[in-house]
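Below: one structure, written as structure tokens.
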Amino acid sequence: MLISCVVYKDGKKLADIDVADIHKYLSQPECLVWVALVEPDGVALAQLQEEFNLHPLAVEDARHGHQRAKIEEYGDSLFVVLHLVEEEAEELHVGEVNIFTGRNYVLTVRSRTQKGFQDVRARAEREPELLRQGAGYVLYALMDSVVDRYFPLLDKLEVELEAIEEKLFADTSPRVNIESLYALKQKLMTVRHAVAPLAEAVSNLSGSRVPSICSGMREYFRDVYDHLQRLNQTIESERDTVATAISVNLSMIQLQENDTMKRLAAYGALIAVPTAIAGVYGMNFEYMPELHWRYGYLVSLGVMAFIDGYLFYKLRKAKWL
Amino acid sequence: MLISCVVYKDGKKLADIDVADIHKYLSQPECLVWVALVEPDGVALAQLQEEFNLHPLAVEDARHGHQRAKIEEYGDSLFVVLHLVEEEAEELHVGEVNIFTGRNYVLTVRSRTQKGFQDVRARAEREPELLRQGAGYVLYALMDSVVDRYFPLLDKLEVELEAIEEKLFADTSPRVNIESLYALKQKLMTVRHAVAPLAEAVSNLSGSRVPSICSGMREYFRDVYDHLQRLNQTIESERDTVATAISVNLSMIQLQENDTMKRLAAYGALIAVPTAIAGVYGMNFEYMPELHWRYGYLVSLGVMAFIDGYLFYKLRKAKWL
Amino acid sequence: MLISCVVYKDGKKLADIDVADIHKYLSQPECLVWVALVEPDGVALAQLQEEFNLHPLAVEDARHGHQRAKIEEYGDSLFVVLHLVEEEAEELHVGEVNIFTGRNYVLTVRSRTQKGFQDVRARAEREPELLRQGAGYVLYALMDSVVDRYFPLLDKLEVELEAIEEKLFADTSPRVNIESLYALKQKLMTVRHAVAPLAEAVSNLSGSRVPSICSGMREYFRDVYDHLQRLNQTIESERDTVATAISVNLSMIQLQENDTMKRLAAYGALIAVPTAIAGVYGMNFEYMPELHWRYGYLVSLGVMAFIDGYLFYKLRKAKWL
Amino acid sequence: MLISCVVYKDGKKLADIDVADIHKYLSQPECLVWVALVEPDGVALAQLQEEFNLHPLAVEDARHGHQRAKIEEYGDSLFVVLHLVEEEAEELHVGEVNIFTGRNYVLTVRSRTQKGFQDVRARAEREPELLRQGAGYVLYALMDSVVDRYFPLLDKLEVELEAIEEKLFADTSPRVNIESLYALKQKLMTVRHAVAPLAEAVSNLSGSRVPSICSGMREYFRDVYDHLQRLNQTIESERDTVATAISVNLSMIQLQENDTMKRLAAYGALIAVPTAIAGVYGMNFEYMPELHWRYGYLVSLGVMAFIDGYLFYKLRKAKWL
Amino acid sequence: MLISCVVYKDGKKLADIDVADIHKYLSQPECLVWVALVEPDGVALAQLQEEFNLHPLAVEDARHGHQRAKIEEYGDSLFVVLHLVEEEAEELHVGEVNIFTGRNYVLTVRSRTQKGFQDVRARAEREPELLRQGAGYVLYALMDSVVDRYFPLLDKLEVELEAIEEKLFADTSPRVNIESLYALKQKLMTVRHAVAPLAEAVSNLSGSRVPSICSGMREYFRDVYDHLQRLNQTIESERDTVATAISVNLSMIQLQENDTMKRLAAYGALIAVPTAIAGVYGMNFEYMPELHWRYGYLVSLGVMAFIDGYLFYKLRKAKWL
């Protein structure tokens, strides 16, 4: 589905144009054509492929979707795949935006995602002095926008992790903890798969051999790269923490088992001792003087109670109860 | 066994030829000889080695089989080993295709595998404008076909993993889970051994110094490389998940042990308490007033039942039963 | 908040100047302007951006804060982000200092931190022959000061680790140990995030292609790099030790469980044996000669005591009690 | 001990010569001197050092033995250390062969190993067209022979691993499994120490800057390198599998403990229930009607038997027995 | 403290000189000044700094001590830090030697260590043809001596590891094992911190761009590097083995727990069965024919003994006892 197809000149919007007219404007080097598609069908993609003269392999990738985040050069033009990770009902969904960009055009193809890039276009239109810098700037603005969306996502995962950490040593919920840690690990992996290959790819846009579209924008792409590195570092550190937390949780489970066993043993002792005493006085010896005492029974009960009381006191003191 | 031995000219099939005539066509640079063998014996290989003037080390590798996936240059020609992983009765089998390719010939030697490359040849014959590009294109088409076969395989392993994950926290089958996880890990390893060395090798076909056969096909081999990277990433991520799942499973086993122990203790208490009470009234003291009560026996049974009932209620509430 | 804004000439303080006059002095190459800000608002930053002609992306980074430790070149000038880790009430807090430096100016922007860099300025003013070397020297002095602050921090963590190690095999506090180890691991991670990316960045200042500001200071920056490497190595080694200690702790917990179980069983035996004997003499057979013995009861008690005594001796010897 | 000292010319054996005459033949560039020593004493080594003009550091290494597998250039000559791993009585023994090779000589020094390289010499003498290629070919043939000996070794370890895997989930022998896995891991490490550094070293013989002795043999050394990579991959994969198997084994031990505990509890219940019932009927209440029933005793025994029978049925169904 | 301060000329000792005269000899290029200090105070260091014109940063490092093992170039001169690991009362102590070396001088500063380098000097003085090679040779000889001291240390750790391995599966001392493994791991780490950074540093002395002092000594430094690599490999392999042994030990602890539990249960059964039988005959039913048998009591005891005997036999056969 076509969202917009606009020609800009000198940083200002010239006109909404028809897809079929794109090639006319492309031949004017001072114009910039910026087209946005969402979930396009094959026909729409084929038409744009022809208008922009896109490489068939890149179009194939855009059609199939589910590519790695990457930046590929095809001659003078670039093909960029970015992952858009959105949270919905406690689950992370991975969408994709494919960006085809050449000397004076940008084509974005968005799939499996809610939020678009209207804000990027709006800002660009408000600031003509930036838009005037051409396709390289638009590519930067789109990438910057995508990368900025990862931060609140990671912050949320960090909050989840802290919530688990608070319960980790609390002894109450090892089962819930392990489930949460596993789920968190999976989410971190999802974000990592969006961030890590992109960081690798962007490093080429800020290195020594930069594609011509991005020349003059090196500092800007280095900034994006830097943000990606920061994300990467946070992800690695959280992954490491989750791994440690999982093994700590195992120790806590084991400690809880120790505690359970001690408590069981303590209660067992409180029952076994009177049983043994009762057994003794259930023996049928002829000569057992205590049996004939007036208060033998009461005394025996008293002894049982006293021993249990003493045991209870000792066990409580030893934290077994 | 020879499957086919065909000469193409200008992208179109010229004729099925005899192996002994190959060298005649090889000397015509505008011809492309494409030969396919399956499980060849030494004689057939030796004949083809002579016709194509293949390097003895490469032929040796093809004869022995069980090589790593790799791409080797011998002067102007390339020797490529690809692994074919096929599933059969829940097990993965690894076959191999060895490709010898020079300026105007392609020789494929397939071993230990069911499915051939008839579809690749069929497509190539349907699209002469591609086949016209020569041996480099055929090599790409074969590799692309091999790589595309890994995706459904990995998808299947992903489905297996998800099935295990669903049971991971369900407490019912830790033994089955650990077996499945171990088996899954082995399968991932098998696919990884096909994919990882190939990715490394293909990166050379899309890098700066490309063998002359593949020149002009750089974007195509980069695309293959990209797919291999995607496979690699998925494999690594699943391996990581399997490792986490194995340690989570250990925690679940431990938690189950805790639960078993609690349940045992609970049942033990339900038996031990009446035993202790009965022991008390089994004592032989002369003066035990309750023994002479009319309903002493019933009261004692009632007390036992009441205590057990109360215990049962408390233990159930504490989730020990 | 502006802390100081001073012009130096030939290594000596010339004057405290107004922010608005900075550009006048900047145009005199023999002057060095050194400005220090702490927690500045947007207005102050904007004014300094104009005076020093700072790159908007760098200023943006300084405004947002929470960047990775890094060193970025913007043309002739450098933008440096350093992390300041301070301990407060057993917790580590991470602050930040952003340094903008050009041919003849240094601007430091400090955030979320207690301790400033007055000592660096004081030392520089005391030693004019060093300050005469210009902005590169000031940058070195600031970095050296930051890096030197990490050492006592790490020493403290090393002491914490040794304290845990002493208790690790003592059997008394596995729960406390695991909590301490987890907390220690987190702190190590915090310091690592300050040190590791900085080490990587500084290596560029001591390598072959050095920014012009730092030329002639290579040995000094290599020294800083070397200190960072030393920190890195210590951190990695402590992380490794913590990981081993966590798994050792799990083994200790397990061993303690074994010991608990043995002690339980031992006490169980001490109770079960007399109970069984008492049970035997509680049988109602007509012909049980012992029952009619004069000292049958005493003998039976004696036997119980003897067996328990013997068991106690044996169990103590086997270290079960 | 000298095994053989032979001069070859034009690929054919010229004569067995005396060690003292080596230098005479060395000066004839069309001759190839190939000397084989085994466990030489210092005197023999010193004599050969003089004859071949070997570098003292290389000779020192050969004398001490226990070097890493490596390939070192000393001017025009090469010094190669290869590890020979031999199995004997289920244990792996590591021997060593040191190869000194120059433009027209090869000297092999073998230590702590059973099997020599007579087969390599025999093949070389049978195929003069290969031997004619000189010292580089002999070096290749020796390395190829050493590398080929690793394969059956690794195959054997793979068989061992499969044997363990079959027992891994069988519940019968966790103790034996863990011992076997540990032993297997050690053996893999031994082979790895022979293979991994050698692979690294050989990669230099097949790379861009090849020592002059090996020029023209690049494809051959690449083949050796490729075999070493294959070995490396197999070793890494088995190491990984062993690590997983060790952690799986721990889970199996834990599961077995769960099962043991359940079985114990089941048997405990089968004894505890009759004990409790007997206890009830051992009470001394005056009015217990059942006691006076004609078949009270039999009924009570019947009730005990029935409850135990029912419990047994239930526990068996729940797989606790 | 000054140990010696000697001038050599043409490989032979010229004279013991005064520190204050060093600069006179330094100006004679054919002389070599070799000074050895141990635990020097600031004054001594300052004097030597002036005599040799040492770089202040290097002197600072030597004064502070506790540097990483490293090799730094300061113009034409080198500053080398080596770690000396010495064992004393089962503990490893890390000392340090700092070597300042220039075209014709060597200054060693030794701290926190017992053993000096008198043997190196003695050997050098015995072999003037080596010493004649100048400062580069002395540096090599010192490094070689330091590296050679690591080998017996590692051998000792290997022996310790083997001693633990022998007890690992013996079931007797898991607690001692885990402590030993932890201690061993720490020691390996200590040696590793001496070896690993040094290996990295030395690789630069044997690579393509060698400092002028060491030119012509490339093979010698490569030999040192090679030894360091061998040490590194051994350390890594032992670390890996220790990690495996720790996890194996955990499995052994768990297995022991299983065994303990089984033994407990077996003894429990041997007591519980007679108790239950005694309970049955303690019941007060009127009609229990056995009670009136002449040998009822003996028969009941016999039955108890028989069942226990049978159980004992079965449990022993099942290895539970």
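First chain written, first letter: the chains are A, B, C, D and E, and each begins at residue 1.
Quick note on the criterion: a residue touches a chain if its C-beta (ideal position, glycine included) is under 8 Å from a C-beta of that chain, and two chains touch if they have at least 3 such contacts.
Everything numeric in this text was worked out from a predicted model, so none of it was measured.
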Count the smallest number of chain-to-chain hops linking chain C with chain D, moving only between touching chains.
-> 2
Could you tell me the least number of steps, going only between chains that touch, from chain C to chain E?
-> 1
Degree value of the rotation bringing chain A onto chain C, based on Cα positions, nearest 5 = 70
Give, as an integer number of Å, the spacing between the C-alpha centres of chain E and chain B.
-> 41
Cα centre of chain A to Cα centre of chain B, whole Å, reads 25
Note: chain D residues in touch with at least two other chains are 247, 250, 254, 257, 261, 268, 272, 275, 279, 282-284, 288
Moving around the ring in the sense set by going from chain C to chain E, list every chain once.
-> C, E, D, B, A
Of all residues in chain D, those that touch chain E in their complex | 55, 57, 61, 67-68, 70, 72, 74, 174-175, 178-179, 181-182, 185-186, 189, 193, 197, 243, 246-247, 249-250, 253-254, 256-257, 260-261, 264, 267-268, 271-272, 274-275, 278-279, 281-284, 288, 290-297, 300-301, 304
Residues of chain D touching chain B in the complex | 168-169, 219-220, 222-223, 226, 229-230, 233, 237, 240-241, 244-245, 247-248, 250-252, 254-255, 257-258, 261-262, 265, 268-269, 272-273, 275-276, 279-280, 282-288
